[in-house]
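Structures incoming, each one as structure tokens.
What follows is chain A paired twice: with chain B in the first complex and chain C in the second.
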Partner chain A sequence: MSRDGNVYPLNAQESDNEIAIKPKKDLFTRGVFAFGAVFFLFCLYQLNIDYSNLLAGTVDFITMLGEMFPPDVSEWKYVIPAAIESLQVAILGTVIAVVISLVLAFLAAENLAPNNLVASIVKGFATLMRVIPTIIWALIFIVAVGLGPLPGVLAIAVHSLGMLIKVFAQSVEEMDDGKIEALRASGANWIQIIAQGVIPTVVTALLSWTILRLEIDIGESTILGLVGAGGIGWELTRAMRSYDFNAAFFIAMVIFVMIFSVEMLSNRLKLKV
Partner chain B sequence: MNPILQVENLKKVYSDGTVALNNINFEVHPGEFIVVIGPSGAGKSTLLRCINRLVEPTSGDVVFKGKKINKIGARQVKQVRREIGMVFQNFNLIDRLSVVNNVLHGRLGYTGTIKGALGLFSKKDIAEAEEILERVGLSKQKYKRADELSGGQMQRVGISRALAQRPRLILADEPIASLDPASSKIIMDHIFTICKEDKITAIVNLHQVDVAMKYATRIIGIKSGEVIFDGQPSHLTKNIIDEIYSNAKQPLVNAQ
Partner chain C sequence: MNMIQELKKRKRLQILLLFFFVTGLTIWSAIGTNFSFYEVFSGFGLISNFVFLDLLPPDIAASGTLLEAILETLYMGFVGMVVGALIALVLSFLAASTTTPHPVVQVIVRAFTSIMRNIPGLIWALILVASYGIGVTVGTLSLILGSVGFLTRVFADTLEEIDTGKIEALHATGSSYFQILAQGVFPQFFPGFIAWSLYNLELNIRASTIIGMVGGGGIGFAIQKGIKLFQYKEVSMAIVLVLILILSTEFLTSKIRERII
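This part shows the complex of A and B:
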């Protein structure tokens, strides 16, 4: 029964006689670049920075570094618990953000959202949370719930949520739609498709985003102390304001060791994922 | 015998104006092994997806076991889908899960939301999934991750997943297009013999005419969204094949 000959004739007649159309130049992109260049020159002129300060400042900075030495470790009893508090604030905030974003990201991903309106609403909501910096969120929450670690946790959770919804949804959107289609075709419902199909497929991406976010949040939680949202940042501000540079140096070292060790740990973890 | 599936005046126009299907009519009787042939872009995939409503038809009816499934709600669609297994060109397995877990996905429609989501399938379902894997010769691979398998093995898992649904109808969308000739033969043999043994009706999209001639009890030829041949393989002449595949790359009809 099998047939000889090519059942897929090549259509030679249609390919070569089209007129080549020169692509239009993208005026928008060019305009943005031109404006950017002009605006940069304007900034240089307008800000009128006195660059001689740079030299004097460097000398002052080196002198100050000299004064900072040796670090004053006498207040470790306050500094270490404050560092741990920063770590706790970061972990708590990140975990809250991860849990909430795991629900919202699936509503924001266009290949899973019930409809496009829901996806755009959730994405808009995520953008709003993301564009407001953590430290501004902290100031807002300090007004709402008072000083201490709580506004720090909330600020980190809200800002991280904005980013995690976006990146989680993107990871889900990059997934091969055929896999989702296959589960739909078997009669599975939305929750089953996510739990049995989507999460196993994107789990490595979710984990590496989570680890990256935790790294950023540990950095941010140290800053939050500056505005009174608890942790080691508060100790650093206090030491600097009372010109206790030796104590400040010790605190800075603790922050460095903390962030650095978290980074080492997460690099090891990323290799495993 | 009543037809298991009737497709009446089926039309699908995508939102960009492409007419993928136009006035499609055919009936499928239980036990038939129908092969749909046609060039890429002819509307074969859209046709299969309109049958289990992965794609919403624009107009016309799809009647499965006497029920108009283009008129029913989302919950009922899921119930109808349970009875229609689907096999895909790209297998569409969940790579990081085990082979047996992928087969058990065929049972999700019969399992509660929470149990299904957590992967807590009944002992009976698991035993049955293992039985199916034995049938397609993959019992040794059942605990392997799906992405450790070869293409032909993956497609056998895809078939097993469809079988786990205990379907009345199997839709196979280019099941051998991503496979080498040897695996292709194994896959087509499995689909054919299993459908025969289990009295499952099948609609298979293919673009290899010789493969279609070998297995089909009936061939439907589609070109630019319209049926231009529907009959026994012996009636498919060279002229008709040439007609189906001529000007294959012409754009589809535009709505405007």
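This part shows the complex of A and C:
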């Protein structure tokens, strides 16, 4: 009987706790949802979308889709090389970013950096590079080095470098510190620690981040042509500007096939890794 | 012993082959894009000249007009996420193999959303601008298209990963279809729904900063215009605003994610 007496208060306390925790969490969630709903209406009001234009535009768009058929494949001689150029811009940009980030990420990781100041400087630069969109980098490089694929390669390299430094440094920071300490205790220098202790541990993570980044970069490289940085985006801009919808449809199809096949391929690779 | 050595040898060969493959691919790309280190290094002086003399310091006086553009960017990104999430919520139930009414519906929805997802937002904007004209309508619509494409896929994947034991248990107690949805499916789906929507908001805000370059409204238009008119100090001010917007969105979404999930 006395046992029962012990059990009940315990239970009561537990359920008390649950009641105390749950509503608080729900209240926050509800608050976020309520704020989201109000903010959504506010955004709609501020955007001041012309709904009659929306309707007329949709009718236009459907007509345009009809006009797009059939796709005009006659210009494949220009479109396919442009698509290949986009692909090459993405590959080269990603490779450059991976090579540089492999050095800088070790300087940015707090458990490996020579000191905290170096780590925060490298991280700060990485944030700046990562946050400015690729196409804005492309605009900046076009002003500096002129039109063509080169500013595209540089833009992809710089933007990817920012992201890769961040995620590579994170993977290094997540690893077990014991390994580094053991190597340090045995008298290994910085390079030896990285080569023997760090790289074998994080290589899988680095590979999957690299594949993901290449996937994103191939998508980005298709739009760089819109500002004149080479590749298939330029062909699409040209076709749309001259209202050549059939050619535009073919180019859009090529872009879709490019990105879709990369998505499929990287899904396969992810399963393997 | 022999076998281990054999395996090691084979693995080394694999790594070597991969290395040569990647190197070959890189060289092929470098030739195709006429890449030369000489040009990069000789361009380096030009780039730093441009950045330090033309771009910096940002023109604070321009921030008044730019503020309007950056807010428009935020509004478009948020509306795109909310509308996209609502549409994707419905579509994902049709696209997940566990909840779809018919496999044919599933294939059709997956195909449609794959087209939306795999054509970049900027390209959508370029196509839509021909029918809707320049302005925020185009920007918002192309962000909605991208969000629906992305969110339908990840929502459907989340739905497919749901533990079916719970649903069967509810089924056994005689719950109706909607009761099962509300009690069995929704609680497991909710964290994924929130996390992916917040991530989509981050993606949208990034995309919405550049969508103006093809006539979609927002700060991208101001950046494009500034570069065409050589008003580089205004451009750098706009970039600073983009930085602030993206970083504060990342900060807010990570806080909400921590609290809710």
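Rule of thumb we're sticking to: the second predicted complex is superposed on the first by the 229 of 273 C-alpha atoms of A that agree within 3 Å, B and C clash if a C-alpha of one lies under 4 Å from a C-alpha of the other, contacts with A are read in each partner's own complex, and residues count from 1 in each chain.
Assume a residue touches a chain if its C-beta (ideal position, glycine included) is under 8 Å from a C-beta of that chain, and two chains touch if they have at least 3 such contacts.
Computed from a prediction, not measured in an experiment: that's the story for all the values here.
Asks: Kindly classify A:200 by the partners it touches after superposition: chain B alone (first), chain C alone (second), both, or neither?
Replies: After superposition on chain A, A:200 lies in contact with chain B alone.
Asks: Now for A:162: first (chain B), second (chain C), both, or neither, which partner does it touch?
Replies: Neither partner.
Asks: Any idea whether chain B or chain C touches more of chain A?
Replies: C
Asks: Applying the touch criterion given at the start, work out whether A:237 contacts chain B, chain C, both or neither, answering first, second, both or neither.
Replies: Second partner only, chain C.
Asks: Of the partners chain B and chain C, which touch A:185 in the superposed model: first, second, both, neither?
Replies: first
Asks: Of the partners chain B and chain C, which touch A:222 in the superposed model: first, second, both, neither?
Replies: second
Asks: Name the contact category of A:46: first (chain B only), second (chain C only), both, or neither.
Replies: In the superposition, A:46 contacts chain C only.
Asks: What part of chain A is in contact with chain C in the complex they form?
Replies: 25, 28-29, 32, 36, 39-40, 43-44, 46-50, 53-54, 57-58, 60-61, 63-64, 84-85, 87-89, 91-92, 95, 127-128, 131-133, 135-136, 139-141, 143-145, 148-150, 152-154, 219-220, 222-223, 226-227, 230, 233, 236-237, 240, 243, 245, 248, 252, 255-256, 259-260, 263
Asks: What residues on chain A touch chain B, complex-wise?
Replies: For chain A paired with chain B, touching residues are 1-3, 7-9, 11, 14, 176, 178-179, 181-189, 191-192, 194-197, 200-201, 203.
Asks: Applying the document's contact rule, which stretches of chain B touch chain A when the two form their complex?
Replies: Residues of chain B touching chain A: 39, 52, 54, 78-82, 84-86, 88, 90, 92-97, 105-106, 108-111, 113, 116-119, 158, 161-162, 165, 171, 209-210, 213-214, 233, 238, 241-242, 245-249.
Asks: For the complex, give me every residue of chain C touching chain A.
Replies: Per the stated touch rule, the residues are 22, 25-26, 28-30, 32-35, 39-40, 43, 46-47, 49-51, 54-55, 71-72, 74-76, 78-79, 82, 114-115, 118-120, 122-123, 126-133, 135-137, 140, 206, 209-210, 213-214, 223-224, 227, 232, 239, 242-243, 246-247, 256, 259-260.
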